[in-house]
Structure formats: structure tokens, C-alpha cells
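Labels run A, B, C, D and E following the written order; every chain starts at residue 1.
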Amino acid sequence: MNLSLLILLPLLTAVAVLLVRNAKQVKVAALAGATAQFVLAFVLLFAYYKERATGNAAQMLFEQRYNWFPSWHISFHLGVDGISVAMILLTAFVVIAGVLVSWNVTKMTKEFYFLLILLSLGAYGFFISLDLFILFFFLEIAVIPKYLLIGIWGSGKKEYAANKLALMLMGGSALVLVGLLGVYFSNSAQSFDLLQLSQLNIPIQTQMICFPLLFVGFGVFTALFPLHTWVPDGHSSAPTAGSMFLAGISMKLGGYGCLRVATYIMPEGAKEYATIIIVLSVIAILYGAFATMMQKDLKYINAYSSVSHCGFVLLGIGMLTKTSMTGAVMQMVSHGLMTALFFAVIGMIYERTHTRQVSEMSGLLKRMPFIITVLFIVGLCSLGLPGLSGFVAEMTVFMGSWQHPDAFRRVATILACLSIVVTAVYILRAVTKTAMGPLTAGFEELKDATWNEKLAALILIAGIIAIGVAPFWLNDLVSPGAEVIMQKLSR
Amino acid sequence: MSGSTVIFYLLAALTLVSALLAVTTRMIFRAAIYLLFSLIGIAGIYFWLQYEFIAAVQIVVYVGGIVVLIIFSIFLTQQAGEQLSKQKLGRQLFAALAAFCGLALVMLQLAQHAFVETGNKAIEPTVANIGNQMLGVDEGGYSLPFEVVSMLLLAALIGCIVIALKSKPETE
Amino acid sequence: MNDFLTLMKPELVITGIIFLLLFIKLGKGLKNETMLLVIQVLLLLNFLAGFFFNAEGTLFDGMYLTTNMIVLQKNILSLGVYLISLLFADWFKKSEHMPEFFMLMLSALLGMFFLISSGNLLMFFLALELSTIPVAAMANFDLDKKRSSEAAMKMILSSAFSSGILLFGISLIYGATGTISFAELPQQLNGSPLQILALIFLFSAFAFKLSIVPFHLWTADVYEGSPMAVTSFLSVISKGAVAFIFMATLYKVFQPMHAIWYNLVMILSIATMIIGNLFALRQQNIKRFLAFSSIAQVGFILLGISSNSIQGTTSVVYFILIYVFSNLAAFGVAAAIAAKAGRENIDDYKGLYQTNPFLSWVLALALFSLAGIPPTAGFFGKLFLLTAGASKGSYLFIIIAALNMIISLYYYLRVIRSVFMDKNDEPLDKIKIEPSAKLGLMICAAGIVLVGLLSWIYDYIQNLV
Amino acid sequence: MPNATYIALIPLLPLAGFLMLGIFGRKYFKNTSGIIGTTLLLVSTVLALYTAYGYFFEYGKVDGIYQKLVPLKYTWLQFSEGVSIDMGIILDPISAMMLVVVTFISLMVHIYSLGYMKGDERFPVYYAFLGLFTFSMLGLVVSSNIFQIYIFWELVGVSSFLLIGYYYDKPSAVAACKKAFIVTRFADVGFLIGILILSFHSGTLDFNTLIATLTSPETAGYKSAAAASFIGVSALTWGLALVFIGGAGKSAMFPLHIWLPDAMEGPTPVSALIHAATMVVAGVFLVARLFPVFAISSPNALSLVGYVGAISALIAALIACTQTDIKRVLAYSTMSQIGYMMFALGVSKYGGEDGLGFTASMFHLFTHAMFKALLFLGAGAVIHYIHSNEMKDMGGLRKYLPITHITFLIACLAIAGVPPFAGFFSKEEILLAAYEHNPTIYWIALITSGLTAFYMFRLYFNIFWNKEAHVHGEHKGEGGFAMMMPLVLLAVGAAVAGFIPFGHFVSSDGKRLETAFHLQFSIAPVALGLAGIFIAMWMYKTENNKPDKFAASLSGLYKATYHKFYIDEIYTFITKKIIFNLIGRPAAWIDKNIVDGLVNATGNGTKDISEIIKGFQSGKVQQYAIYFLVSVIGLALLFIYWWK
Amino acid sequence: MIEPGLYHMLFISTTLFFIGVYGFFTRRNLVTMLMSVELILNSVNLNFIAFNKYLWYDKMDGLFFTIFIIAIAAAEAAVAIAIIINLYRSHKSIDVENAEDLKY
């Protein structure tokens, strides 16, 4: 398996999108690219299994390395472990679904798809980079497309939201950059290479400075309290596919970075700051949930709930146990799929009703059973129903968190557990109000989902259920990666 | 106290006082004349220092060239008798303060610095020496700067011609 | 004599072109279009000539020196000038004094070549003046525009004042050390207070030319008032040249006072970024906007310079190469719009994408590159500057610098927003771009994309240091 | 060992039904979905009976003790060494019993619904949901792993939610389903934390291992669980108490019962299945599942179970006396009966004769399932006929609904504890167990038992006697074979189930438990029951004003019970005033104004600074020069004097 | 009175320099500002000559510097005056404060 393909394919797709003539061809090209990438992600998964089955116990598989800027010791170093594979699968799912739900975009179609593909390129690259420089490179590549997607195709306070998003994310990546530079200069090898860095012991003084920089920097991406405020505005202003990509992929970049970069190469720093991380993530979980409860706009509801859900990712990382970190990754995958689906559904509803205010909709189940069923599924997934992915991830985080016998972490875990009630409250309020009750006047003629929407939803649901019903494969994929981090931590 | 000392002090006084007047008088033409005196005073100091060549250049270029240029430009742009508009007092005070602080700082540093001098044999700044070195291409030769300055003068010439010679008057 | 020809080849070629133009002008003269074409070809040849028959060595008793690095720097400047001749074709064609303009510009370029190659303070000073005075005259080339003459006035007076300060500093150095030769100065410098004072006087002149805060105040006014070609020459070529010599001076001549100038550079670098960014935030005029943004860029260049290392030199040269492409692209687009629509206001760019996608994309690329967004080259350039600066290990400065990137992003995005997002009922018409300007923009765009991704360029530069 | 495959089929068949009908029902099985669902469940039921038979009579017993067999175990999610969620099947007396109960009642409801739900436009969806519920409930009862039970616990909750909200365009149904879900969810958090505590100390999630660890004092897990304490209570007790909270939520124990009466908004067969016979006893089942741990290691937690059960039994009975919606009366009666089961567990001990409470509880669970399902289905028939839930719209229906009438009467007698109906035997054992171990609870139980008889017959008389029926419109009679057959079958069950020697099969330690019949002991409850019945007959048999007078004479108490002791209002206060207004609103406000405000302030502040400093760029070239000089001087001073 | 020496020269030149600076700061007329610049350049010239005379008399660096400065001054003055004249044409004034359109 040649990992460069994962980058080349989106690149080719992007070029193809630029070159073809009309909107129809653009869509077809984008869909073809996304599908190919989807297939590729599965090829990667099975190649990974096969490689592991043959007894290859290397930490990273399919490594590739090209010297890029030798004078800075920067190499184009790619490789995957289970965690990366999981994230790539997630990306592939969200991308293909995003491409599908955007079928009706008529305004500047070519540009729209180009940016979508570019964004996915950034994500793919990010997840397979083993060199922190190119990791950062891909991280930043993924920012501007978001800005444009929101700014051009968004709705509401789109310019404000786009600006806020771009600036906060760039602020986060600026902190990441400083942290990376600190790490770079602290090691004698002056290396950006993740594997090399993981072998070194970075001085504790450096860790004390660079860990928070990296963690907060990546944390901004994944809605670390109190730097989460771009999330609600950004998500709710973005076009459907934009929200899907934002919440489904982009927020995961941060979580992945927190885990793979910050925690992995600076475990002592992580230990030192664990308390703060836990406090912040518990605040994010509860506070996000309570804030969600007060929202009236479906997109805001999902956006705030993303804050809450991503809190679990950070909690899992902050708890620093193998199980909790596995849970964090699972939560990323799960939340990615779920929230993408949620946004997709909201988009479908909005396209038909032209409102996202919960109070202005009621009884939609009658007119669009498919869409509302999907809404139910995603809502149930969000509130952690077993059989769907959210449950598995959250429980893994809880179980992992509980492995610490100290009272502080216990209390934190209990508080986090309490959020599942609040989640139930807001999800049910939103879903039941929208779906059930008497049908709002004027909505009698609404149509149910079209083929592309159905396909998109089904793909994501398949992912959600695949994790929810059979979490072991994901667990087996992810936990060796977490194990490696734990080993480094306990060394 | 020798006569040359007296002359020096006189020259210094002439230079500084007329410089000060040049920047304070409100009659523009007088300002030009005070500038002229100040430049002549400096030329005098060069003479006093026995740098006759420089003194001559000073007289020729400055007095004969630049000041004349300035006076021409005054004539071109202003009635000679017109009083100059006054600067705001605040600005004047602030400028004076800034200039004085600068003066104090620089003077203090100069006074505190122990200058060393070379022990080598002195070169007489005769015209012959200067000329040889000015156009020399080997060690210590200044022909390259000379050429650079010539290019600069050419460029300045072109620039002046384009800017100051308006070929077509505006038709409006 | 052969030495003389090869070592001074760049200057000789430029001089040759100047005189050629002078003769053409003094002779029958040519039609503007033809003349421009001739000039473009000549400048291209000049640029290409820069790659051949190069040598390292000194001339005139060390007054003139050249190395492969210096040759590269000159090539970068030549490239910039060539691009300017392409990008502003529209304005050139209309200009009555086009040959004179190029004569002046080439004189200034000649000054810059001498500046980079200068081996003592006298040559340095003369070259600096040669690179300044013609530009002041050029700034006045929009003869019937009030703003143009105001800009020229501000430039000539400010630079005269700055020259005065510079000369006073040089005289103090001369008094304190007895030499004006770069080769001999380091042995004489010991960091005494007077030398520090002299250094700061000298530094202020560099700072003035580079638009380092707080010596930057002339920049925006002059940029705004001058013709676009002059603005871009000032902001790209002139700045690049001074940055090169500034770096060389600090690294070679003032190395004994490194501890002092490091702090100086650091403080001013931060100040420059912050002030440049804060001012750029609220600009409406695209030229003024680019002026302040280029001030902020200088802050980053200073960060690279502060590293006092091979990496620092490399990253500065690399960045300036990128900066040439990015900034010229931005100015080129602005000029194309200004020439056809007469608008320089950012608000006028609203809805530009609807009618002029090519210009919009080039502008977006340029601005992203200036903002340091991957995959444009600006990302690499800025990142390497930061990395070089970070090698000295001051987190605070690096964090401030990094945060400044965000402020800068904000205002670059503001332009992007105007171009791509804002609705406009009366967008600019479809603009017909001069073929040569289009060529220039395409070269710039290619440069913006490729210089970063092709890492051998960086290595090539590093091998020259 | 039994063949795991067909046991697995028992829950999987309904799941298959759910998937098939849920996905394709609308298109392909519009009319046949009921048949499909019922057939699948029939197979399940047969398999369940076969399994139970096999377990009880063939392979379950080893050396006279019923074993906890685990014929199937599949690691589903491995958390850490030893701690994993396994999907498995445990076969022990209670799960075997529950398999039968669940499949049987579910089958009855499936059949009944064929008639009851006929013509509903979402017929396939209804059967799909029923399938989902049955799957979840069956999965719950066979869970071999505490996390597995939690998983199915949640699934049961959601299917309950879906079914309560089945009439989704009715706002009250929507509110009810939400309430049911959220309240039980709240309790589930307790369950979850309890699981975390127990699993942490025992180092496992597997029931058998967990019970073994936590009941043997020499294991490290037990020691740590008993040693760790929080507010003076050991971790073990906390864990069990929290698990019980989960159970209490699902079983509608006071004070988490508020969702149950509202849940009656669902279709009546659903109420019969979920909110009477099966799901609501999940809490009892859970405590029973962990009974050894409760009984051996944490008597405190167990007595909590007992008292909560007793209080719930009493309060529910009181409230039931005043309600006028027949389904609500039944709901409160359900709550009351589950209270019985709970406190029966609470007063029990582990093993031997002292384990009578356990057996009695399970027995009551079993019999209750029969007669309560019957009651609901009967009520369903009534509602089907009269199109109202309110007592005031009913009366004198015995002539119109004869089969319903008879079966309903049997059920009433059974629940009232009149011999020889099923309820009599199970209740008798419960009272006996309570009498032996906890007199307080015994007295509460006794009073409750009288009340039970009273409100049940109040219901009975109000429906079938009292005033003359004024039936309007056309009616097709009792609803046909599909509806009547389950009634009859269940009536038979309610009548004869009491004769099963339950202790032989189900006991706390798996050994055979002989349950003797004590005549002298049963006099009191039976007498009380009969008294209740007669009072009810006296008050409600014919239309009169006695109830009103009676209510007036007890105005305070009557009002309080009529308003269900204002518990709903208290909840509303807590959620609306405290959660929403004191937490939610401020959180949203803080987010918008403070957190986001700071972010925006940073941006605006930058712009403001930019505006403030614009004066430096004054356009005056002389001022520029002054700044130039001042900067030079300043830097010189800085570097000459200060920053050496 | 003391025999004049290096410090006297430096005193004169420095004072002259700052007089010029003061004039540059306060004069509103562009031509007079230019005159101030000339004073500044002259003070620098004096500095070079003084250093050359009293300290570094073995070479003529200072002297040559002075010569070139004078040349530059001439060129600069020429260009400046050309610009001023042009400005006068467009602004009808050579008051520096009348040419302040470009700001902020």
C-alpha cells in the first residue's frame, strides 16, 4: 500500500474538478474521486490487517520517507498505525457523504467541490504524516477552504463566522507552531520526525512550555473550552457539506494532534497538565451540554453538542490511560460520523423547510419519514444509544477514566457521566419537537430525501452502526496505537 | 591665545549663529543668506584646518551651486518679501527639546569617548594627492565611487528634467 | 581586466542598458509599445545573464566584492525588475517618460547592486543614495497627480534626513575606528558607548529603508502616492536589496557587537510586526494596505536576521525570493484593476470574482502567500524565518510573532472576503489584461506555488551561503 | 450444555423482524407485517419454552443446584486486561424464567395487536418496534455481562420511548415518551457509575466472575471495594446502590416513577407488554441478578432496596385509589406491585429458607406478568370499544364485553390476592418473607395489599358495573379472535400459574426451596383483600355519591393523592426552574457574552488599538522626522545605559 | 581661550547638526527644510574633516567622504528642488502642511 496515493488521489481529483467543463461533470468527478478514496481507505484498512496478520509489529506501517528540506531535517515521512487508519476511514466516509449531499449546490459548483476536495486533502495528509512539519503543513492547508466554504456558501452571519473560525484556528495552529519549534530546538537531533522524537526524552522544562502550547493549539481545533466559540458560529453558518467537514473531519485534526503529537512526544508534560485538561474537558462536556439545551437552532444545537462531545475526546486524552485514549479515538471517529450525519440531516431539513428553528417545525415525520428516521438515528447516536457508535466511544472513555483510583478523576468521570442525561434532554427536545407532534401548516407538500441524500445518509449510518454493533474491530485497530503511547508514558 | 585661535572662534561663531538664524528667521530670503554665511563659515574652518581643497569645493559647490539653486527655487515658488508661516509653538518646543536631548546625548558620548589617533605619518591633503587617489584604481583608489557618483548625477539629471520640465501644460 | 568584467558583470550590463536607453531616447526614439518590448527583452536578458559567467572576488581594494550569494541576490532583484516591466505594462504604455522611468529604475537597481556588493562605508553610502534618489524622482512620475508629488516630496525629504543621520553615524564610526572598510571594521569594534550610538544611527538608516518601526512612517504615504510600479519597486526590490546588505553588514561587520544588535533587531522586529499589522487592519486603499502589510513582513525578515546563522541568511534570501513573487503579484493585480477601472479601494473589489476569476485567484494566491498559508511558498518562507528566529530560543518573541500572523491573516482575509464573498450589484467589468501583465502574473503565480514545494531551491540557496 | 445457537435465535428472531419490517415494511409488508412479526415471535417463544424446559428439567441442574451456564460468550469490546464487554448468554433459573415470560407476553401482545392495531397506517413500524423491544428485553434477560445488560437496558429504554411516542402527532404522547426516556436515563447514569465502581473493584464485567469476586471476602477485589469508602459508605455499597438506582428508574420506583403513568400514552398493548409485564420489572431482574452481592456483601444496599420498594408500593397504591384514567390506575398498580417485588428482594437473604423473599419476588414477577398483561389487554379491549380512557365514560360494560369482563375479573382477583388465583400465592410468599425479616415492611405490605384490592375493584366496578352503559355509534363487539385469544390464554395463566412450585426452580442459591403454605398466616391478607373488594363494591357497584362524600371527608389526603403527591410538580420545578433557568440559561448566556465576548473583545480591541494609534501616521513629514530622532535617541539610551 | 582641537570641531559640528535637525522639524517651507538638510550634511562633513585632521591623518578617507557627500548633496538638492517645484505647480504652495493628503 503506497500511502502517497492517499494524497495524490485527492490532488488529482481537485485538478480534475478544475479542468472539467460544467457543473455536472464537476460533481461526477468529485464523486468519482471521493468514491475512489473511499475504496482506497478500505484497501488501506485491509492492507493494514494483512500486514499485521503477517506479524509485522512495527509501530507504523507502510512507511515512506522522502527528504524534503534536508537542511531543516524535514522529510516527507508517511506512515500509519491503527489510529491513523481509523481516522482515514472516518475522513473517507465523511468526504463521500459530503460530496453526495452537496449535489444541489448550484452557486460556483466547481469552486465548491474544489475546496471540499482540498480540505479532504489536508485531512488525509494530516493523518498520515509522521513528520511534524508536514503534519503542520496539512493542518494549515485545511483551514482556508473552511473559511471560503463558510464565507461563500454559508448562511446567516457567515462572514463573521468565517473570520472567527479562520482566525481562531490559525491562532491554534500558531500555538502549535511555536510548540513544534520548541520541541524542534530542544532535541539534539533537531528533528521534526515523530518517530525519532518519540525515542528521545525531551527535557521537562521544554515539555512544561511546549506541551500546553501544542495541546491548546490543537485543542482549539477540537473545541477546547474556552476556545470553542468558533464552533457554534462556524458550524451553523457553514453550508451543509462544510459543517459536515468541519465537525466531522476538522475537529478531529485537533484531537488527533493532541494525542499523537502533544501527548505522545511529551508524556511528562501531559502528566503535569492532566489536571487542567481534565477540568477543562469536563467543563466543556457539561457546559457544552447545558448551553446546547438552550439553543433553538438545529445547527447550533449540534454545534454546541459537538463541543460537549469533543470534550470526551479531550477527557479521554487527559485521563492518560490506554482505555481512555482508545475511547478518545473512538469518540473522534464516532462523533465524526455522527455529527456529519446530523449536519447532513439538518441540511436536508433546511433545504425543504427553509428554517432551522426548532420552534418553527413540528411533525415532519409525516412528510419525510426517511429524513426524520435518520434524524432519530443520529439523535440516538448522539445521546449514546447502544448499537450506535456514540455509546461505544463514550463508555470506553468512562471505563478508561475510572481506572484512576484518585477522587479527583472519579468526580470528573461522574460529572462527565451526568452529561449523558443532559444530552438526552436536548437531543430529545430537538428531535421530538421537529419530528413529532402535529405537522406544521405549510409543510404539507414537502418531499422526502432524494437518492443522493439517501445514499449519503446510508453510508454514514453504515459507519455508525458498524462501530456500534461491532466495536471490537475499531478497538483492535486503535488500542495498539494507544498502547504505544502508554508505553512511552510509563517509561 | 594666538590669532588663529581667535579666527577659529570667530568662524565658529559665524557658522553657528548664522545657522541658527537660518533656521529661525521668518524671512525666507534672509534664511538663504544666513545659510550662505554659515556655509562660508564652514569653508573658513576648512581653510583654518588647512584643507584648502575641500574649502574650495565647499565654496564652489555649496555657495556657488546649491545656495544659488535654492535662491532660484525661492524665486520660482515665492514672493521674496513674504513672511514664512509660523510653526505651532508646541511643535517648536517639542522639536527644540528633541534636538537638545539629541545634542546632549551625542555630546556626552563624544566627550566621554577616548579617541585614539593613528601614529602613522600624515598625508598632506594636497590637490595632487587628492587627484591621484580620486582617480586611482589600485590600492586606496577612489575611481569606483567616482563612477558611482557620476551615475547618480546622471540619474538625478534625468529625474530633474522629467519632473521639472513639464512638457505639455495640462489642458484643463 | 577579465576579473573586472566578470565580477562586475551585473553592474556593467545594467549600465549598458541605461546608456542604450539613453541613446535610443536621445536619438529618434521609439513608439512606446516597441520601446517597452525592447526593455522587457533587455531586462529578461539581464536576468538570464545573471546565471552565467559568475565569479567570486573583490575589486578596487575591497570596495567592491562579490560572491555567488551576492550574484543570486542580484538575480533575484533583476527578476523582480523584469516582472515589474511586465506587470505594469499598461501604465508604462501610457506614460510619456517611459524610457526615463526605466533609466531611473535601472539606476536605482544599479545602486542596489553596488549596495549589495559594497565593501566599505563610502561605497555603501553612495550606493544607497544611488538607489534612493532616482526612486524619489520616479515617485513623482504621475506628474499631474498631486499625491504623486506629495509622495515624492515626503520621500526625498525623509530620505535626506535619514541620510543625514546615517552620515553622522558613519562619521562617528570613522572617528572611533579610523576605517571605513568593512573588512577592517570588525577588528576595531569593541562595543563602546560611542560605537553603540553610531551603530544605532547607522541602524536607523537601514531601518528607514526597510521600513522598520518606528522609522517606517514615510512608507505608507509614499507607497500610496506613487505610481504602482514605483510602489512595487520600493516595496519589493528596494526592500530586498537593503535587507540583503543589512544582513551582510550585521553578520560580517558588526559581528563583534552581536549581543547588542540581536536585542535591537528583536525588539524592532516585534514592534514592526505589531504596528504594521495594526495599521494594515484598517486600510482601505490597496496600496496603503500592501504598504503596511509589507512592513509587517519586514518584521518577519528581521526575525530571520536575528538568528545570526547560516539558516538565517538562507531563510531571509529564500523569503525575499518568495516575497518578490507574492507582493508583485498582489501589486500586479491591483495595478491591472487600477489601470482599467481606476479604483484602488478594497471595497471596490467586491464581487471581483464574478467578473475576473483569473485576477481573483492570482490575488488570493498572492495574499495567502503573504499570509503564510500553505501550500503557497509564503508558508515555507515565513515558517523558516520563524524557525531561524526560534533557534535563539525566545518563546515570547516567537509567540508574539505567531500571533501576529493571525492579525495579518485577518486583514488578508478581508480582501479575500471582498473579492470572493461580498455581493456587489455593480461589480467591476471584465478587465482585459495586457498580455505581458498576464505573463507576469502567471510567472508570479507559478513562483508562489513552486518555490515552496520545490525544496531544492532552498538547498541551493543554503549551499551558496 | 445446551446448544447456544438456538438460544441466541430467541432474541435474534425479533431483531430480524425489526430490521425487516423497519427497513422494508412500508414498501413490501404493508399488510403482512403483523403476521410476520407474530410468526417470528412464535418461533422465539417455542424456542424459549424449549430452552426453559431443557434448562429446568434436563441439563440445568448439577448436584441439585441450578447452575449459571454460559453457553455463549463473545468478546465485544475489550477495555483492558480482564475487563471487557462480552456479548453472551447466561442461562440460570431467572433468565430461563424471564425468557418464557417475555416471549410469552410479547407473543400475546403481538397477537392482540393484530386486532387492536388493525388499520393503523404505521402498522409495520409498530411491529418493527415491538420486535426491537422484544429483542432488547430478551437480550437483557440473558445478559452474561453487566455491561451487556446495560446495553440492552438502554435499548429497552429506547424501544419504550419509540412505542410510547408511537402516536407521534399527539403532543401528550411526545411529552410522555420524552419524559420516560429522560427519567430512566437519569437513573441509568447511576447504573453506569455503579457499573464503573463494581467493575473497577472486581476487575471484571462478567456477572459470574463479578459475583464470585464480590461475594468472597478473601479476594482482593472484595477487600478494596469494602475498604474504599465515600461519606462513610463503602464503595461496594455505593456501587450496588447506584446500580439499584438504575433499576429503580426502569422499574418506576419512588421517586423515579413519574414517567410510568405518563407512559400510558402509548398504544395499550404496548403498555401491557412494556409498562406492565416486562420492561418495568427489569429493575427487579437486575437486583435479582446481582442478588448474591447485595445479600452477602452489602445488606445496607439491600435494605435500601427493601424500603424503596415498600414505600413505592404504598404510595402507588394510594395514588391508584384516586385516579380516574383506567390506564393510569393500572400503571400505579404496576408500580405498587413492582414495589412488592423489590421489597421482597430487600427482605430476603442469600440461600436456604431465608432466601424465600427472592423466590417470592421472582414468583410474583412471573404471576404479575400474567395478570397485569391481562389487565392491560382487557383495558385495551375496553378502550378499543369505548374510545376513552376515563372511568366516567364507562360503566355497565359487562353485557357488551363478556369475555373481557370475565378475564378482567380473573385478573382483578389475582392481583387482589384472592385464592386460588396466581397473585394469591406469590403475594403470600412475599408477605411471609417480609413478616419473617422486616416487620415494618410487612405492615406496609399488608396495608398495600388491602388498598390493592380496593382500587382494582374500584376500577373493575367502574368499568363493568356502576352506571348504565351509554354506548354510541356502531361497534363491532369485542374485537375478534386476535384480541380475545390472548385474553383467554392469559386468564388461564393468571388463574393457574400460582400452582407452579416456584421454589423448586427459582431460588437465591439455585437449590430447591420448599415453599410451605401457611393457612394461619394468609388469613390476614386475604381478609384485608376481601374487605377492600367489598368496600369497592359498596362504593362503586352502582352509581352513587359515596365516592364523592368519601373524597370530601378526606379532602387533604384525597387531593394530595389525586395530584400524585405533587411529585410531578416538584420535578417540573427542579427541571424548569433549576436546571433550565439556573444552569442552562446562564451557561448559554456566559457562552454568548463572556466566553465569546472575550473572543470578540480581543478582535475588537485590536481594531480599537489600531484606531487609536492611527494618529502616529499623521501625514506630516516633519512629525515623522521627530519620531525618527526620538526613536534613535530612545534606542541609544536604551542600549547604552540600560541593556548592556 | 583654549587652543582649538578635535573637541571644538566636534562641538561645532554636533551643534550644527542639531540646529539643522531643529530647522528640519520646525520649518514649514519646503525650501527651508531643504536648507536645514544642507546644514546637517555640512555638519557631517565637518566631522569627517575633523576626524581626518586630528585622528586619522595617515589616510584621506574622511576627506574623500566629504567630497562625495558634497556631490551627493548637490544631486539630492537638485532632485529635491525639482520635486518641490513640481509640488508647487500642483499645490500652488510649498508649505509642507499643505501636502498632507496621504495619511493614517
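Everything below uses one rule, namely that a contact is a pair of C-beta atoms (placed from the backbone, for glycine too) under 8 Å apart; a residue touches a chain by one contact, two chains touch by 3 or more.
Small disclaimer: the values here were computed from a predicted structure and weren't measured.
Within the contact network of the assembly, the step distance from chain A to chain D comes to 1. Touching chain C and chain D together: A, B, E.
Separation of chain D from chain E in touch steps, taking the shortest path, is 1. Each chain gets a centre from its C-alpha atoms; the one nearest the centre of all protein C-alpha atoms is A. Farthest from chain C in terms of Cα centroid separation is D. Using mean Cα coordinates as chain centres, the one most removed from chain E is D. Between the chains B-E lie more C-beta contact pairs than between any other two chains.
Between chain B and chain D, the centres computed from C-alpha atoms are 101 Å apart.
In this assembly, the C-alpha centroid of chain A lies 65 Å from the C-alpha centroid of chain E. The distance from the centre of chain B to the centre of chain E, each centre being the mean of the chain's C-alpha atoms, comes to 5 Å. Between the CA-based centres of chain C and chain E the separation comes to 27 Å, rounded to the whole angstrom.
Looking at chain B, residues 91, 94-95, 98-99, 102, 105-106, 109-110, 115-116, 118, 140, 142, 145, 149, 152, 156, 159-160, 163, 166 sit in touch with two or more other chains.
In chain D, the positions touching at least two other chains are 603, 614, 617, 619, 621-623, 625-626, 629, 632, 636, 640. For chain A, residues touching at least two other chains, in rising order: 167.
Taken together, the chains touch in the following pairs: A-C, A-D, B-C, B-D, B-E, C-D, C-E, D-E. Chain contact summary for the complex, chain B toward chain C: residues 105-106, 109-110, 112-113, 115-116, 118, 137-145, 148-149, 151-152, 154-156, 158-163, 166-167, 170. Those residues of chain D lying in contact with chain E across their complex are 614, 617-622, 625-626, 629. Residues of chain C that touch chain E in their complex: 121-122, 125-126, 129, 133, 136-137, 140, 143-147, 149-154, 156-157, 160-161, 163-164, 167-168, 170-172, 174-175, 178-180, 220-222, 224-225. Of all residues in chain E, those touching chain C in their complex are 17, 20-21, 24, 30, 33-34, 37, 40-41, 43-44, 47-48, 50-51, 55-56, 61-62, 64-65, 68-69, 72, 75-76, 79-80, 82-84, 86-87, 89-91, 96, 99-103. Chain C meets chain D in the complex at residues 153-154, 157-158, 161-162, 165, 193, 196-197, 200-201, 203-204, 208, 214-215, 217-218, 220-221, 260, 263-264, 275, 278-279, 281-282, 407, 410.
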